[in-house]
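These notes open a run of structures that come right after.
Each of the two complexes below includes chain A, the first together with chain B, the second together with chain C.
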Partner chain A sequence: MTISFLLLAAITIIGTAAAMTLKNLVHCVLALTLGLVGLAALYLELGAQFVGFTQILVYVGAVAILAAFAIMMTRSAIPTLSNAESSFRASGSLIAVLVFAVLAWAVYTGTSKQAILLAPPEGSVAQVGSALMHHFVLPLEVIGLLLTAALVGAAIVAMDEPRAKQTRGRQ
Partner chain B sequence: MSPLTGYLLLSAFLFSIGLAGALTRRNAILVLIGIELMLNAANLNFIAFWRYGPHPEALTGVMFAIFSISVAAAEAAVGLSIILAVYRHSRTTNLDQLNSMKG
Partner chain C sequence: MSGSLLAYANDVDQIFVLAKHWLLGYVPGPLEPITSAILSVVPVMLAFPLLFAITTVLERKGLGRMQNRYGPNRTGWFGILQPMADGVKSLTKEDIVPRTADQLVHYLAPVVMVIASFLAYAVLPIGRNMVIANLNAGVLFFFAIGSMVELSVFMAGWSSHSKYSLLGAMRAIAQMISYEMPLVLSSVVVIMAAGSLSTVTIVNLQAGYTGIWPHWYLFTPWGIVGFVIFMIAATAESNRCPFDMPEGESEIIAGYFIEYSGFKFALFFLAEYLGMFATSAMAITLFLGGWAAPFSFLTWIPSYIWFFAKLLTIIFMFIWVRGTLPRLRMDQLMNFAWKFMLPLSLINIVGAGVWHFMPAGFVRWGAVSLLLILSCVLLSRGLRRNKWFHVRTYRYAT
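The block that comes next holds the complex of A and B.
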């Protein structure tokens, strides 16, 4: 339990909790960005540089911007009925609290109480790249194919259909 | 409390926040963000177990986290484009109003 861990954990928890509770959706995405930056810093603190920088590039750089664009394009930022809380608020929160209680109980009883003092492992970017190019080269190709297919599919799904354009022109 | 316990507790809390958001918020984009938070909590577990596990030189946890992040990115792109298509069709992203297939 170091000071840096507590600080980064507080930043992450504040950011993600604000992202799930704020009313304005644009504020939600901004708070989510803060939480994801805190999480990336936690990865760096754990010694996983490559994952930390990937987290910043993918989540802070791409996913948050994508969510912000989706909020703008669906006019969700305008406070209307669509932002209202649902009737599941109490039961959903209760389920989440129960899940956290079970997970925390399992963590407390399952892990050893002594602090493990291991030397920080060598997870340098060069080692990760070498492992990706030698041992994990087939999964890397498969994930590249999956990303290409997903991005082409996403573009096709989000594309404006000509039929929809005609009906909108008629209205 | 050992460092591993701290990271696992933080990860469990992140998962619960994401679950609460996915269950209580009614905007489809926020539900998707909640699911992303749950995936992030799992990634934090992978990295924590890699750092404090017995064989960190194998880099298994790091590799799993990298592939998990790429799958999550693909999921976010496809999910947001589906939300855009649904919005174009029904003019709303409120999940309570998207009930035309309810029996």
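The block that comes next holds the complex of A and C.
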């Protein structure tokens, strides 16, 4: 429990907790981004350089921007007061406490008191690349197909309606 | 005699490294890591804003001469003290924040942008043995930090609660995301050739010579195409002309930083130029051999001099392009990115792979060049909406 781990864990928890409780939606997105950056820093502290930087590149650079675009394009950024807040708070915190108890029990019984001396796994880019190309090539290709399908779907959804339909509609 | 001259040249080359080690000798043991970090970071934080100040003068004078007028020539000899005047002006201007603006986010947006722009310099080797952090995944770190700039653009555009700034932010983010893909993909060819993501390794691999000719990655067919794609994408990432639609001064006034005045505007300006320098420095590291001299008989000139000479040349090219080309429209921009640059960078990767597996010689030069030239011509003709081979006609306005 070094001080750097405590600081990064605090940043992550505060960021994600703020993302759930703030009223202004844009503030929620920015707090979530802070939590994701904290996660990336935790990955870097564990020595996984590739995963850490890819987390920033993908989550902060793409997912947070996607959420930002969704807010900008719609009118959901206007803060609305709802009465549902207080009624969900009790049951929500009960469920959160139960989940935390289960996870804590699993972590506590799954780890041993003595340090297990294994060689630390290197998360270097060369190893990740060779694992992707040799052992995990089928998941890689399936992910590629999935991304292609998502791209084609997005293009179709965003495409203009064909001209013939419009002229028929006008007549 | 030449031996001692070479040793002298090596000392001048390593003068900053030697000075740092000498200063560290005076620091007690436990304080050494933090002092070493401070001594590495402070010169970079001094040098690049100074370069920013010089660039503002160079740009205004250069643009002025290209437009057949004098640039600023009242402050000091040939306008050289203009950055001082700009600095004083921006510090003494009133800081106006709109009443309906989101105060905290409005304040944080320039801060995040400047932090992201400065962080990118951590992995750039400015001279031999002169890099702040030799990360194993240096290039990946650079692009990850670059993607944080888009977040700050969103913060700036949204928090002002003004239609101009929101429109400008949307356009700017769309442009930056679209051009980030050719930027990263064109650097993949260099990573493939070097076999490493570390910037220091990439520069060291380019620092050799065959005869007098250097081993820069620019002098390969995929290197030339990759460099051109990288520079075009870098121009778009920094919102420079011809891609400065998001901050078009004649259209949406200043886009996403329209509601910023005084020092915050100066911070945005600084962050944009610093981003431009960082991307140029990354292009120099990846394609132009970093701090390596262009010919083997010029290696006595210190490595950091070569780095800054190449950086100034690229800045001059940026200013030249700004003074020459008109602005691209938003849809022309996006078409160019997705329909031309992205396929061309993917074909460039294929070309680099073909280069790697063919034996060295003229055959592989011819094969890869043919592949790249053919794909470039076919893609650009294909974008002209099925007017494939067609005599160009001009229509004059009547």
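Everything that follows uses one rule, which is that the second predicted complex is superposed on the first by the 140 of 171 C-alpha atoms of A that agree within 3 Å, B and C clash if a C-alpha of one lies under 4 Å from a C-alpha of the other, contacts with A are read in each partner's own complex, and residues count from 1 in each chain.
By our rule, contacts are C-beta pairs under 8 Å (C-beta built on N, C-alpha and C of every residue); 3 or more make two chains touch, one makes a residue touch a chain.
What you see is a predicted model, and the numbers here were worked out from it, not measured in a lab.
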{"item": "Which superposed partner A:Phe50 touches (first chain B, second chain C, both, neither)", "value": "both"}
{"item": "Chain B versus chain C as contact partner of A:Met72, first or second or both or neither", "value": "second"}
{"item": "Chain B versus chain C as contact partner of A:Leu36, first or second or both or neither", "value": "first"}
{"item": "Contacts of A:Ile13 with chain B and chain C, given as first, second, both or neither", "value": "first"}
{"item": "Per-residue touch tally on chain A - higher for chain B or for chain C", "value": "B"}
{"item": "Partner chain(s) touched by A:Val60 [first = chain B, second = chain C, both, neither]", "value": "second"}
{"item": "A:Ser93 touches, of chain B and chain C: first, second, both or neither?", "value": "first"}
{"item": "Which superposed partner A:Val125 touches (first chain B, second chain C, both, neither)", "value": "second"}
{"item": "Which of chain B and chain C A:Ser4 touches, first, second, both or neither", "value": "neither"}
{"item": "Intersection of the chain A residues that touch chain B with those that touch chain C", "value": "50, 54, 62, 69, 71"}
{"item": "List of chain A residues in touch with chain B within their complex", "value": "1-2, 5, 9, 12-13, 16-17, 19-20, 25, 28-29, 32, 35-36, 39, 42-43, 46-48, 50-51, 54-55, 58-59, 62-63, 66-67, 69-71, 73-74, 76, 81-86, 88-89, 91-93, 95-97, 99-100, 103-104, 107-108, 111-116, 118, 120-123, 127-128, 131-132, 136, 139, 143, 146-147, 150-151, 153-155, 157-158, 160, 164"}
{"item": "Residues of chain A touching chain C in the complex", "value": "24, 26-27, 30, 33, 49-50, 53-54, 56-57, 60-62, 64-65, 68-69, 71-72, 77, 124-125"}
{"item": "Complex contact set, residues of chain C against chain A", "value": "102, 105, 135-137, 140-141, 143-148, 150-151, 154-155, 158-159, 166, 169-170, 173, 177, 180, 197"}
{"item": "Of all residues in chain B, those that touch chain A in their complex", "value": "1-10, 12-21, 23-27, 29-30, 32-34, 36-37, 40, 43-44, 47-48, 50-52, 56-57, 59, 61-63, 65-67, 69-78, 80-85, 87-89, 92-97"}
